[in-house]
Amino acid sequence: MYSFKNDYSEGAHPSIIRAITDTNMLQTGGYGEDHYTEEAIQLLKNKIGLEALDIHFFVGGTQTNLTAISAFLRPHEAVISVESGHVCVHETGAIEATGHKIIAMPGENGKLTIADIENALIYHADEHMVKPKLVYISNSTEVGSIYLKSELVALYDYCQAHDLLLFLDGARLGSALTSSANDITLNDLANYTDAFYIGATKNGALFGEALIISNLALGKDFRYHIKQKGALLAKGRLLALQFIELFKDNLFFDLSQHANDMATILRDGIKDAGYEFLSEAPSNQIFPIFPEHIVLKLEENYAFYRWCENEKGVAIRLITSWATLEDEVHGFIKTLKTLK
Amino acid sequence: MYSFKNDYSEGAHPSIIRAITDTNMLQTGGYGEDHYTEEAIQLLKNKIGLEALDIHFFVGGTQTNLTAISAFLRPHEAVISVESGHVCVHETGAIEATGHKIIAMPGENGKLTIADIENALIYHADEHMVKPKLVYISNSTEVGSIYLKSELVALYDYCQAHDLLLFLDGARLGSALTSSANDITLNDLANYTDAFYIGATKNGALFGEALIISNLALGKDFRYHIKQKGALLAKGRLLALQFIELFKDNLFFDLSQHANDMATILRDGIKDAGYEFLSEAPSNQIFPIFPEHIVLKLEENYAFYRWCENEKGVAIRLITSWATLEDEVHGFIKTLKTLK
Amino acid sequence: MYSFKNDYSEGAHPSIIRAITDTNMLQTGGYGEDHYTEEAIQLLKNKIGLEALDIHFFVGGTQTNLTAISAFLRPHEAVISVESGHVCVHETGAIEATGHKIIAMPGENGKLTIADIENALIYHADEHMVKPKLVYISNSTEVGSIYLKSELVALYDYCQAHDLLLFLDGARLGSALTSSANDITLNDLANYTDAFYIGATKNGALFGEALIISNLALGKDFRYHIKQKGALLAKGRLLALQFIELFKDNLFFDLSQHANDMATILRDGIKDAGYEFLSEAPSNQIFPIFPEHIVLKLEENYAFYRWCENEKGVAIRLITSWATLEDEVHGFIKTLKTLK
Amino acid sequence: MYSFKNDYSEGAHPSIIRAITDTNMLQTGGYGEDHYTEEAIQLLKNKIGLEALDIHFFVGGTQTNLTAISAFLRPHEAVISVESGHVCVHETGAIEATGHKIIAMPGENGKLTIADIENALIYHADEHMVKPKLVYISNSTEVGSIYLKSELVALYDYCQAHDLLLFLDGARLGSALTSSANDITLNDLANYTDAFYIGATKNGALFGEALIISNLALGKDFRYHIKQKGALLAKGRLLALQFIELFKDNLFFDLSQHANDMATILRDGIKDAGYEFLSEAPSNQIFPIFPEHIVLKLEENYAFYRWCENEKGVAIRLITSWATLEDEVHGFIKTLKTLK
């Protein structure tokens, strides 16, 4: 049984394991007050090409989202997200638990549009309703789509013009940025969001998300918020070490590229076998649609999620990662082509 | 410069690093739904000697405290803690951020007494005040003292008689249970608390706390709370692997024993050199009092916290751990004896 | 300019003013610990026909909703409401501010259906999502529709079968219960909800909502919650006095009947003048649709809300109340009939 | 049985009842959007002698405190209060329920000192602890003492110098400002606090507190917060009408003066009868100490709270108000003098 269920099924890239092992018995300061953390932050600033950034490391994505969003908002302010947004659905009400409503908008192919934001603003007109303040987007999105630079810039400009913050969830940012359809850089992200994060849990690390705050006013006292939410890792260097390995050369992007390449093989093979897809998804998540009996057969050898059903059949979600074995990908296509 | 500042300055015991390395490329389910997690839970049940337990793993202590306490309480219910309790001071208001007041009581030598609880109950008499509901204690405490079994049982009996929950923070539980003064077992903890946790971050793991809920009603829907607080680790097996290494044999206790032994060498050597201590602390934290000029000299070669000052001098905190080098401990005493 | 904007534009029924005046200089206990409060509670129990009820008085509806719902739910539990539900939109995120997500469902004509609840349950399947726990309905609804007894009973039975709580917002309950389409009694409400409230702010009182908790387990320590939310009125007897006046005879229902009668005159007159309505609304809110130029003319003499626009024109909301003057209602119709 | 238990035992001054009665059937906008509210706000600005103020009306004190404090603070920021402060003890954790810790300091005679604030700042030194941000004081205090202008100015200057906000709870402000020991004006309060409120519930109104925000940045979007906390009264003019009556002439101060005069008669009479007091309390709360058998006798005819016991006897709390009858006050002294 080979799994395409997730991009967090395996551990970490071997060079990360090696870095953790090599530094294991060194004494360092706790809670991110160590020189590895300093080094990782500087490395990220260099990669992004900006010095004026406030950078913090987290263990997981929900933790990052809830800490950042609750730190950025006043009690009456709300989040605008697409209905399929991770914070909107799959975080057990983590944002609401910090007191903030999420305004869910329909979006298009998993992406938030300016029309969505505009409608949210029009609807929430006075103090009897929450005040929309933070626009949440994911790149790649929860359905595998990605934002183009023109879309990102347009969203940011709209936010700036309407006193809104733009926050980008980058749990799968590597896959977005190495997609063949992508034209966004890390530098763009820092310039055209107020804050975003770079996800490593799903791209080569044991765990780790790097929050990049470019709207520096939002970073004030930020470590207080991390600690209060239980998100300040005692052995903080573990996070730093992983980001150093991923960003000291090009490892982070190489790993994403592999994930995307594996998805491309799957996508092409499935298309070639005559099947359609639920959505345009040029990243490491694809949603092919198969007849029920094909899905049942595939489930004998492969693990994946059934996403939804429509008149064409069952859409399943296949996720690839830095660790996906090319042989298994070819095996999947081969198996599929034998099924009818 | 050798550090006695903390018991989380180094990484993990080598066997833990090995276990993580060995299983690195295996595919497992995410978020603790894997067989390592099952195995670790069963192992802990065996060690504790009880099957009817609800066990969950967390990355850190503040996270454990805030998730458990907010899950256990209704909005108007409050925590009773000693003033020096970790939740009371050093978690940036994490408990209050979930909506609950902490009632701080003086305690004795860092330990909560029945008189403290009684006074809190007498004072909080009606609905114009919060309702005390959960008694929070740490073992070992924040000042290195430990609870005796008779004290634990008395607290639990009092709580049972007054409809209170007893929760024990075991961030440094290993050191408490292997102290020469200890007479409490893991089994006792499960029997005489409603929930407690076993801290591994400060005893051999990269990170990890195992929450043991023996009052099963409190465990209902518990994974929802973990997720909501951003505390559900994607690669959950990392937590399980570490607890398996620590508890499959006696490693957890061996490591604590080493920490305590190192503290004993320090304690005896300091006593022998003619100095006094701020408190009775039979675990891995000791608080010797030195004149300012001695502290200044020690600071040239050793890192540690200045705790407080009194008429006798400066009390410093020395912490030992599973990783503390015996040579450094002897070196410290030797250095001390040369100073005047 | 006569206003049909709201049912809280005027003060209170004269008999309420008289009761407040007559008892003004008496000394009573504070915070609802007075004999008037006892009397009002007993009176409501008698009217409802049940003794086993936990009854509390509030100043306003949002206050009642947020206090009750946050008291009833654990942190991971969510509310199911129609999209147009008051808690969902018009309370500035009051429920989310207490930590709970509201799951918005489409409903039918402002009413929640069993299919809505079922869909919410199916979608929220595991601990990565909130757990739906409390079903929130309003009667009459925010668009003037009302629940039939068969609908209420079916919702309650469904909730009982699925471990859900049913909570009914009765801000405009009087108008619902005296609607010609109604077949629900106060006794039914106590039997077929876990809790509901009787709104008086919009039906003859200066202010006041009576929360009736029939699922007694939910009432435990309830006064703590009221106090914590800042909702425990110091001179609590003011609330009690008003409910005594409204319920010692039939005043509450007489006042609602008047509001409904006024709405009926408007409804019939508007129909007679050849206009349609946005929705079936047999209570004190009606939503006629007029061409823009008619609305503009009406706005010269009458205050009301523009609700929405569609291809037929502009739907406006007309609200009547216990205080609505019959002459003004006839005047409105007369004016309308002169306009083209 | 005559009650000295509280200053909210009776209703409202007759002129307030009259104003409510006289305007009862007028139609006005809801939620404070009416011309009475405008008028009341302007009246208060005139009385205070400042135009640049943000003024909002609330029904009760706990509501005012929790709404203002939670609106003013970011999640990691805490309140500094004396241990006897109303928010610290008698509001059922209302502030903590909005997420903020209250740091309790000893104070002197119920008043917070600069040393208290300084100690709180020294102790809360880094991001592992909450960040003290808002200093909460009450005037008169919970034990009847009052602040002098020099003390207020010194506190404010200290707060300004340390980036702290100064908030003054004026639930019993009238009594403080008309105390013979007072040298503070309403204008001073606006100049030397960031926000304060004028309590009317305990000084002639049915209910009502006027929050005066002079640090205008704190007032941004303030009505959202009021609504979210369920504190926006539907018939908002009821609050305005009461403040108009109290402040259009000098009624507010006349009523407080009466309360203080009655307390003075009690104080002098009790002193004259040879008894001592628990504290210096020059306002409408006094705390005489009597032997137990005297208290028992007094309890036969008078209602009051037993406050605490010490070696001299039982300290009781006697509260006078605008409604306290002078005959009853003389009667109390007469009765006392007959007792031995």
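The letters A, B, C and D name the chains in turn, as written, and every chain counts its residues from 1.
One rule holds in what follows: a residue touches a chain if its C-beta (ideal position, glycine included) is under 8 Å from a C-beta of that chain, and two chains touch if they have at least 3 such contacts.
Quantities reported herein were computed from a predicted structural model and do not represent experimental measurements.
The interface holding more C-beta pairs in contact, when C-D is weighed against A-D, is C-D. The chain with its Cα centroid farthest from the Cα centroid of chain C is B. One simple way to say how far apart two chains are is to compare their mean CA positions; for chain A and chain C this gives 42 Å. Chain centres here are Cα means. That of chain A falls 50 Å from that of chain D. With each centre defined as the average position of its C-alpha atoms, the distance from chain C to chain D rounds to 34 Å. Touching of two or more other chains is recorded for residues 75-76, 91-93, 97-99, 127-128, 130, 224, 227-228, 232 of chain B. Interface of chain D with chain C (complex): residues 2-3, 5-6, 8-12, 14, 17, 20-21, 23-30, 59-67, 91-94, 97, 201-202, 206-207, 224, 227-235, 238, 323. Those residues of chain D lying in contact with chain B across their complex are 75-76, 78, 89-93, 96-102, 104, 127-130.
Against chain A, the residues of chain D that register as touching in their complex are 31, 70-71, 74-76, 98-99, 127-128, 130-131, 221, 223-228, 232.
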